[in-house]
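Okay, so chain A shows up in both of these, paired with chain B first and chain C after.
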Partner chain A sequence: MSGAIRKPRARLVPAASPSLVVGLVVTAIFVGMALLSLVWTPWEPTALNILNKLKPPSLAHPLGTDFFGRDVLSQIMAGAQVSIVVAVVAVLVGAGIGVPLGALAAARGGLVDDVVMRSTDLAFAFPALLTAVIITALAGPGAVNAIVAIGIFNIPVFARLTRGAALGLWKRDFVLAARCAGKSDLAITIEHVLPNCTAVLVVQATIQFALAIVAEAGLSYVGLGVQPPQPSWGKMLFDAQTYIYSAPWLAIFPGLAITIAVLGLNLLGDGLRDALDPKVRRAR
Partner chain B sequence: MPRYLLGRTIALVLTAFAASLVVFVAMAVLPGDPAAIILGTGARPDTLAALRAEMGLDQPVAWRYLEWIGGFLVGDLGTSYTYSVPVADLVAQRVAVSLPLAVLALVLSTLIAIPVGVYAASRRGRTGDIATMGVAQVGVAVPNFWLGLMLVILFSLTLGWLPASGFPGWEAGLVAGLEALILPAFALALPQAAILARVTRSAVIETLGEDFIRTARAKGLSGEAALWRHAVPNALIPVVTIMGLQFSFLLAGTIIIENVFTLPGLGRLVFQAIAQRDLVTVQSLVTLLAVSVIVVNFVVDLAYAALDPRLSRGGAR
Partner chain C sequence: MSRLLEIENLRVEIPALAGAAPILEGVDLALDRGEKLGIVGESGCGKSMTALAIMGLLPGAARASGAIRLDGRDLLAAAEREMQAIRGRRIAMVFQEPMTALNPVKTIGAQIAESVILHLRLSKAQAAERARALLDRVGLPGPRFSLDLYPHQLSGGQRQRVVIAIALACGPDVLIADEPTTALDVTIQAQILDLLEDLVAEMGMALVLITHDLGVVEETCERMMVMYAGRVVESGRTDDVFAHMAHPYTRGLFAASPRSALLTSARDASGRKRRLAAIPGQVPDPRHRPPGCAFAPRCPRAQDDCRAAPPPLVPLGGPDRADHAAACLHPHPPAAAPDVGHAAPEAAR
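On to the complex of A and B.
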């Protein structure tokens, strides 16, 4: 029996694109590094060793040491934790509020739709990072406020995306069929509309995740993110600025970490979009 | 068109008022009495009450909003708590740094992105396309404040071509002023250019697939001429929209970049005002920024409608 019937799986699931593979690998390394840093880092990330300060990269300290003699590699590994936690929670907050709002706007239409859409217009009038800076500066620095400040700007993004995708679905025959079967709008939204939005939402979540990492680094850079001694990439860049003449590696490596993490997530998003949306695949 | 214009203008005014209301309410519900912050913890109650009256804080909230927004409309942004000078004066000094910076960044990013995007589209799928889009993919991922630091290391510390930080003021001459702004402008522009180049590329590729390009080619136009005369101008419509959106990013970007380069712009003013709990300044400044974003998006909408008449005739949304 085996081999007699060829399953058409090969054609249904296309070969993974290079961006999907590279994106997955880079993101896995980034997450793996953060997880590893929970149990092991080459040196204690916060251990001070003044005698060993501002050492350029060497075998013992592959990325050098900072002004307090702390190992830069260990700090970057531990800094990934902050990036991931803040970005994941901020995106979850944004999606958790934005997706229901968008689904509601699409299902109800009329006034509800207008209110939701005009509110997102209003939210887009405030430059996201600027407002995040102001919120954290006024409410006080720290991880929770950073998450709230970044999360707020994910709400309109997810609300609009969900509404747009859901509006198209509400016109489809299977939704009409569900209606004829007497299902409520809520049941149709949960059982038929949202599952069909998953693909676009996952792709957008990847992109927002990357943006949130940059936003978190920006907030930490101006001193409004997580507070020391917890290492964070943005704070490392801020500290590095003082020693930019004598110890440029302090400024180079944390920024590279941000760039590579964001690049990996963007590639993953592009790859997922190609893999999940057959129209885009054909157009390429 | 007039109807479309009227509709968009009403939406513009309503959004701007809603934005000012959001900012005002956010500031009003903040914990902490500005008068108490100015006087410190040891202030006597009667001094506190006198200052509150002087600052108008004893008035009802609705009245304070009307008073503030009424002044705002005629260019009176209030008086800074800490500097005791009109906020409008503070803003005017700082705009002279931030606006040239944002405009310079927008110009640079456009000058870089459009040729690169058109080039990549014309070489679609070939080495030139893959290489430039690979660079753009990395460029999108680079945080602008880090790029700023890297540019300082390269051009100021290693090559010594440009100043690493600070701003001499326009009275030091146009050249000295521009020299101080060129690195921050590049730091802002390059990641934006990467985004814009990707948009330009896909817009041009899409237009190249249109029937009128086939017609142009069929009547004997060379590929090059069809690209520049027919594909590019049509592809620029979505590009203009993205440029409008980028203005908002650039405004937000300047506040971090001004910290990297210690430029005395609006961003630094926002930070100082927040640090000193100078809430009137923060409130007017944020509203001003939001309104300018709304106005730019409005102008982009109009430009879009002028470029593509289908939009204004077929109803806005």
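On to the complex of A and C.
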């Protein structure tokens, strides 16, 4: 007699696709770099050293120094902090407001649904980055306003995604069964609908995270993100413009940091989708 | 003295569908503790709507009138909050599809415990204990069937047992089983029906068994009700209905079931293989329901008066069968009752 019933395993054991592994490694490196910069950087990121300015990469300064003689590697490490904090909080804000809105729209339907969905249409009608620029321009530059600005254009993304996923779930038998068990719509949403949406939401959060990093860099680039002397990738790119021919490493390395971080997060998102979405997994 | 569950002149319509006939019309039933009532009919005849109406879970656009009383309290007039306290606590439901009636991302233990925690205000530990006891009772003993299993780790029959455990969690007074065995293997069907019967006897519930399988009703229920196009066309004690089959639709249903083929010989007089006698046509769309008896277009006995007005459900009379009623102007006479042991029912020809 074989024990047909296996002990349940951890549910998140995704088949390790190459994109998932690469994405995880790259993301882990960036997060690790940001954490490390809290306690140690090769040089003080904001320490000026005019005698040492615009030095190309060397052993002492692996990625060179900028116009003020600040170490580029140390700045990139410290800049990762800003990127990650702003992106994480912005995505949390977007999901924290968008997911309940979407769930509400799906649960109530009718007028509520229309109002929420038309509002997201309206939000989508404006280019996201432009909206963020307007918001920070009106509210003033700074990390908090950047978070709010990026968070706001994450709301409709999560609202729509949640509504779409939840609408399908509301038609499922187990939701009817839950209603027959006397549960309120709120309880059903929390206990049955949202847990079934987590996979798709996690994947979307990863992708939104990458977009938020780009958005933060963009805001810093136009001077609306975090303010100097706090290092940030976008600001570094802006400062490097002037020296693009004489000191190209100043533009290349922050640019590479942004590119690789975003690429890594997108790969992670793709890998997670493959691993978590049963439809994709079956197709492979 | 009011009955446990009483439905009087229930009518459900969807006003948005202009010109549509009601989904349900003039449905009456009464049920006491320990009683088992079968509701039979084709798909789309209103069986499941009746169940949803009792649960107060009709689709948003539907309007119900008449009365559904639980211990005298009219459920149609009850507020949503009150209904939530009744659903799962006093009236519970078992579904047709055990594959989809369970939440795939939660353990079966959590799904059973939820209802107990909600209605009986038990602690988590007490709820887990009760969930364990319920699983043991429905034939999923520990430790093999742990509370930590997910639905995908169980077979269809095992899942249906979990669904039943959830329904029974709070000791309901009325259990509505909507085609509880339709999606299961034949061998499992009998087990699940036996389990339901045992539980009804043990817990003193009333059972409403919705099915399209006359055999299931014959074995399980003392009383039955045949529905067609939103109306009750024949009702009474199961024995009486089977002995007489007054309404042509009841006969048609019986003739169309493989069961009737088993009871008659597989080959007819000339040696050809007998085919199941399908009822020609299909249940009329509520938007194009005929003015008279809804079954008239498919009925071999229909006459002109059948097409004038829907016939009322009238008692057939006769000794010892006061309950037996049919909504037919030209019912089969009792003498023509199909002798299931020897000949095919008339409608099977």
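Details
One rule holds in what follows: the second predicted complex is superposed on the first by the 268 of 284 C-alpha atoms of A that agree within 3 Å, B and C clash if a C-alpha of one lies under 4 Å from a C-alpha of the other, contacts with A are read in each partner's own complex, and residues count from 1 in each chain.
FYI, a residue touches a chain if its C-beta (ideal position, glycine included) is under 8 Å from a C-beta of that chain, and two chains touch if they have at least 3 such contacts.
A quick note: this is a predicted structure, and the numbers were derived from the prediction, not measured.
Of the two partner chains placed by superposition, A:K53 touches none, neither chain B nor chain C. Contacts of A:F174 after superposition on the shared chain: chain C is touched, whereas chain B is not. Look at A:K183: by the touch rule set out above, it reaches chain C but stays clear of chain B. Of the two partner chains placed by superposition, only chain B is touched by A:T131; chain C is not. Comparing chain B with chain C, more residues of chain A are touched by B. In the superposed pair of complexes, A:A217 makes contact with chain B only, with no contact to chain C.
In the superposed model, A:P195 makes contact with chain C only, not with chain B.
The intersection of chain A residues touching chain B with those touching chain C, taken from the two complexes, is empty. Note for the complex: chain B touches chain A at residues 15, 18-19, 22, 30, 137-138, 140-143, 145-147, 149-150, 152-153, 157, 164, 248-249, 251-253, 255-256, 259-260, 270-271, 274-275, 282, 286, 289-291, 293-294, 297. Within the complex, the chain A residues that touch chain C are 3, 5-8, 11, 109, 172-174, 176-184, 187, 191-192, 195-196, 198. Contact residues on chain A toward chain B in their complex (touch as defined above): 118, 121-122, 124-131, 133-134, 137-138, 210, 214, 217-218, 221-222, 237, 240-241, 244-245, 248, 251-252, 254-255, 258-260, 262-263, 266-267. Residues 55, 57, 60, 83-89, 92-93, 95, 97, 100-107, 114-115, 118-119, 144-146, 148-150, 153-154, 163, 166, 169 of chain C are the ones that touch chain A when the two sit in their complex.
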